[in-house]
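Next come two complexes, and both contain chain A; in the first it sits with chain B, in the second with chain C.
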Partner chain A sequence: MARRTPRLRALVMASPPVLVAAAFIGLPVVSAVLFSFGYFGGFNSILAEIGQHEHLVTGTSGTLDAYRDVFGDSEFRQSLWATVLVTAASTAVVLVLSWGIALYLRLSGGRIGKMLAGLAVVPMFIPVVIASYAILEFYSPDGFLRSLAAAVGWSNAPVYGYTMVGVAFGQIWTNLPFGVLMMTSGLNAVPDALIEAARDAGASTARAVRSVLVPMAAVPTTIVATFTAIGVIGSFTVPYLIGPSAPNMLGPLMTYTFESFNQPQQAEVMAVVVFLLSAVIGAFYVRANLRGAKETKR
Partner chain B sequence: MRMLIRRAGLAAFLLVFALFVVGPLAWLALRAFSGTWQYPHLLPDSWTLKWWTQVLDSADLGGSIRLSLVFAPVVTFVSAVICLPAAYAFARYEFPGRRFLLVALFATNAFPKIGLFLSMAGVFYSLRLMGTFAGVVIVQLLGTLVFMTWLPAAAFSAVPRSLEEAARDAGAGPLRVFFRVTFPLAAPGILVAMILSFLASFDEAQGTYLVGAPNYVTMPSTMYELVVNYPGQVAAVFSVLLAIPSVLLIALVRKHVMSGALAEGFQLR
Partner chain C sequence: MRRRTFLASALAAAPAAATLAGCGVFKSDNASSSANSGASASGSVAPAQVRVYVSGDVNVQNLWSKNLGPAFAKAYPGFSVKVLVEGNTSASTVLAKLGAAVKTNQDPGMDILDGSFTTAATGGLLAKVSTATVPNIANVDAALLTPVDYASVPYRGSAVVLAYNTKYVSTPPKTLDELLAWITANPGKFTYNSPNSGGSGGAFVATTLAKYVPAADQAKMVAGYVPNLEGDWNQGFATLKGLGSSIYQHVYPNGNQAVLDLLNAGSIYMAPVWSDMALAALADGGLPSTVKLTTITDPTFTGGAAYLGVPNNAANKAAALKLVNWVLEPAQQETIVNVLAGYPAIKTSLLSSAVQSRFTGLDTSNLRAGYSTEMSTDMNSLWQQKVA
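Up next is the complex of A and B:
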């Protein structure tokens, strides 16, 4: 009895944040999935009343008609493709930059390393809305990049405002601090002795990095990759402000579909597609974490 | 020679990287004080403060500033009430379902934001939470749950058990031990979590706009309309204003963030 009471109390204490998440994340997600297949009972009833172009079912078997609508629309297919491309490209760049900076800081350190790391966390200080607007202006037709190019005699330098390249720049910019912080802390956790042992055994720096640092930092690397990818897939502000009107990423498209076109069912079909994409990515995150937790288990 | 090329390459990278990160912000800050600015000049042609008075005098914009300053503390407080006991439990006890709860909590991070917000909007219509104060608080709260639980949990587990035991041996009850020993020692970590939670709420734009508009339009969600409806300089002034609290508060916790404590918060233990 004396042992059981504190355990039960601990469970009760630990539950509230998970219950809040279950109520306001779990429940809406389940409702959205049901609604996308045409079930309109319960929490979806009001949505079903106000929405247009809906495919609702009364029986137990759902319908794929809303999915047919969405996948039959070429704008959606283009947006899906754009989303996948931007996500892959910006995740890759964030990974390379944060690995590079963290590695430089770990092996060389010094003033330049500190400057790089200091610069890389600056975006954390700035709200995403502002960053997006600033990036849009910076690469606009009368922005800094074009002005600088004109000053050195290049009068038709590219414009990245309202383009997908600009969106990718914005995604890299906003996701960089997390990547760099995570990789810096991950590489710092690798003991000096291990790197030196590899070097003593005759390994070059590149070899020591490949055979010691890369495997030892696998968990933080996975976390950076998955978090960045999920963050980019689920972003709205960056593509909405920086991107073209169409085809843009899925974030703006599903918001327009929900609010402006008043087609909540089609919007939630897109949300489900995005959930599926990130469920695949999220599985890697949870797996890497569980493996990491086992290794460090006290 | 190779050394020289390496150094030049590094310097060039540093310059480009600095421009990539800081350039857009500096460019926007200049715009907030610019009268006329003709392409392709690298600096404004004339300077003015009139955009600042325009922003500060506008009732709409002023109202959104006030609204942001109401939501952020409320969300931080609610988040602390919900998460701090959980943080203590995760740090100090082994209990059935601990692992499951941890994974469930972390899974909240694995939902792409905009899809989640749209799904929430569907349920919020039924619960009559669309366009309400409580609805906005809930949307902003969800972004704070994970680190409001995890950073304080790390702070609690860093308090040596021997200190608590010593206090207990000296005759202090469990509550007294908590408030006189454990809490004061964990306070800095908790403070960092609260500041980050305040900022997460203060900076949240997309969910707040979806759920709160048109009744509750906070500072960041005002930006969406501002960019379309006002001259660029007004948006620039507003941006500088909106960035001030973030810069000040994050500067306060900079050491803690850079030390890797934040990164640790994203790994299950």
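Up next is the complex of A and C:
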């Protein structure tokens, strides 16, 4: 048997997953994007027969009418805005919280640090549906928070059930475990010697964190940020259960548009928008990964 | 399970379809003789097994799998019923499947479709019935058969009614206008679920819209898809939008059950609910006994029959029609009343007096039909844009 070059062998080894991804992810994506521009042949023909309010083309040039429909609807624009805001806010909070817990564990350790890190991982073991419903009840008008506030004399404490603030709470709750796990392992990987060297050179704790830990943990930080943002932007259960009727996040709106309103083309336009937003976020992850790979090589 | 059967039979039928392309009858002779012929193109289906696709909530699924199914097998030895349930699949997905199967002349994977698929019936996807094939339709209100072109059979009914808690409300509204006035007079004590998440909220929306729609237009919108008449809804949507500040927490819960829960907790005093769900909840303690049900008028809330349809190219058409006819017998209708608290589809005078007495105060015969599937879909979409 002829000796294959390593490059070819790597290609052969990588091809099954690539083919699976192309067939089950790539093809549907291409088909959905085509449908959003009005091409209704092939995979889309049955869908096109069922849907309502479609803008289909027979020639070769696509149409932007479905995009006009979607962007012309003020509810979509509000929902898009709400989605971006919730994503940005919950990603920022998850980053701050997971960094805080991981940092405390790294620098002080001890029982409190371990307990914090352990508690923060608990949401991972509770199904999202149950957690969402619990969060909704907790912040409802007759929920725990309001009851407690009323007991100490605050009669009109805010209600977060069915609000976007409640949705952001839910997103933080579901995404925190991953952030904490990732950041604790990321900060633990920084050798003690580096921190001690900085201290010996006269750096304060804050300076040691800023100049040693932050740059050394840049890759896990980017991973936490991108994974959280992509998870939140495409989420359905949390906004569906906790969020208001409208404007809510795009996940529920897409589902309504596809199933309840029977407008598959408009739903796919929204999917394309979410896809583009996720692709931008994903680019940061890929860049961090490449940088990480380069560092290990060196 | 169903998908596998469907796939297997589709694979089995594929070569046959290729050679017989253009020959439209290759399946229909098989369907008519399916009760005793096992040599059909779709070999994976036992000849006497009727596959019933159930689209309702858990209560309807249980009715079929625990009551009607076993009873049919007992009444007709050699026949069996297989209940197919597919989670949250929406009506349009089932329609898509059915449409594709009929279009390509392959086994649709179901012999009976339970639900309300007017467009499938009038679109020629479902088989037409007559007193020759289903003799018991003689006892069914003909007004329920005309909208579906005799291509499905109503087998139970339910209507949306107004539930109110007598602890807080002594005299319930009698008309829609009185109800709307009550809502604004008692802010925060009423809600309805978003129309896309359940029929009870949908009926409230459709009824409020219908108040302003001319009768002739209303009839067209019930019968078919006329998007150019949607302008008639503007006034109704404006009214609903105006109610927004009086709705409990300014939020429209997702699903019929969520509204019942709020009513049970005493958070709201009044709400539109499905008659069958509310009667069942009252029976098992899901609602306090102080909750009463009433019907409003001018216009009444929509209600309707759930239909059984037999796909045109169902593999076991004959057995399916036998089952449909059997379900319309008084004994099975009483089962439906007892188990589901549903309205009977046949004349109530054919049922025992004990069963008849359960419906005192509720009008079971005069159900006002809702909008057609496509019109309702557009209504839900417009509601989301204009009211939510």
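One rule holds in what follows: the second predicted complex is superposed on the first by the 280 of 298 C-alpha atoms of A that agree within 3 Å, B and C clash if a C-alpha of one lies under 4 Å from a C-alpha of the other, contacts with A are read in each partner's own complex, and residues count from 1 in each chain.
FYI, a contact is a pair of C-beta atoms (placed from the backbone, for glycine too) under 8 Å apart; a residue touches a chain by one contact, two chains touch by 3 or more.
Not measured: the values here are computed from a predicted model.
Using the contact criterion defined above for the overlaid structures, shared-chain residue A:274 touches chain B, although it does not reach chain C.
Judged by the touch definition given at the top, the superposed model places A:215 against neither chain B nor chain C.
Looking at the superposed arrangement, the partner reaching more residues of chain A, out of chain B and chain C, is B. By the touch criterion defined above, A:158 reaches neither chain B nor chain C. Once chain A of one complex is fitted onto chain A of the other, the partner contacts of A:109 are absent, as it touches neither chain B nor chain C. Of the two partner chains, neither chain B nor chain C is touched by A:41. In the superposition on chain A, contact is made by A:260 with chain C only, not with chain B.
In the overlay built on the shared chain, the residue A:191 is in contact with neither chain B nor chain C. Overlap of the chain B and chain C interfaces on chain A: residues 46-47, 50, 141-142, 240-241, 259.
The touching residues of chain A, counted against chain C in their complex, run 46-47, 49-50, 52-53, 73-75, 141-142, 159, 161-162, 240-241, 244-246, 256-257, 259-263. Those residues of chain C that touch chain A in the shared complex are 90, 92-93, 95-96, 99-100, 194, 196-197, 249-252, 254, 265, 267, 374, 377-378, 380-381, 384-385, 388.
The touching residues of chain A, when paired with chain B in their complex, are 6-11, 13-18, 20-22, 24-25, 27-29, 31-32, 35, 42-47, 50, 112, 115-117, 119-131, 133-135, 137-138, 141-144, 146-148, 150-151, 169, 173, 176, 181-182, 184-186, 188, 219-220, 223, 226-227, 230-231, 233-237, 240-241, 250-251, 254-255, 258-259, 264, 267-268, 270-272, 274-275, 277-279, 281-282, 285-286, 289-290, 292-293, 296. Of all residues in chain B, those touching chain A in their complex are 10, 14, 17-18, 20-25, 27-28, 31, 37, 39-42, 82-83, 85-86, 88-90, 92-98, 101, 103-123, 125-127, 138, 141-142, 145, 148-149, 202-203, 205-206, 210, 220-221, 223-224, 227, 232, 235-236, 239, 242-243, 246-247, 250-251, 257-258, 260, 262-264, 266-269.
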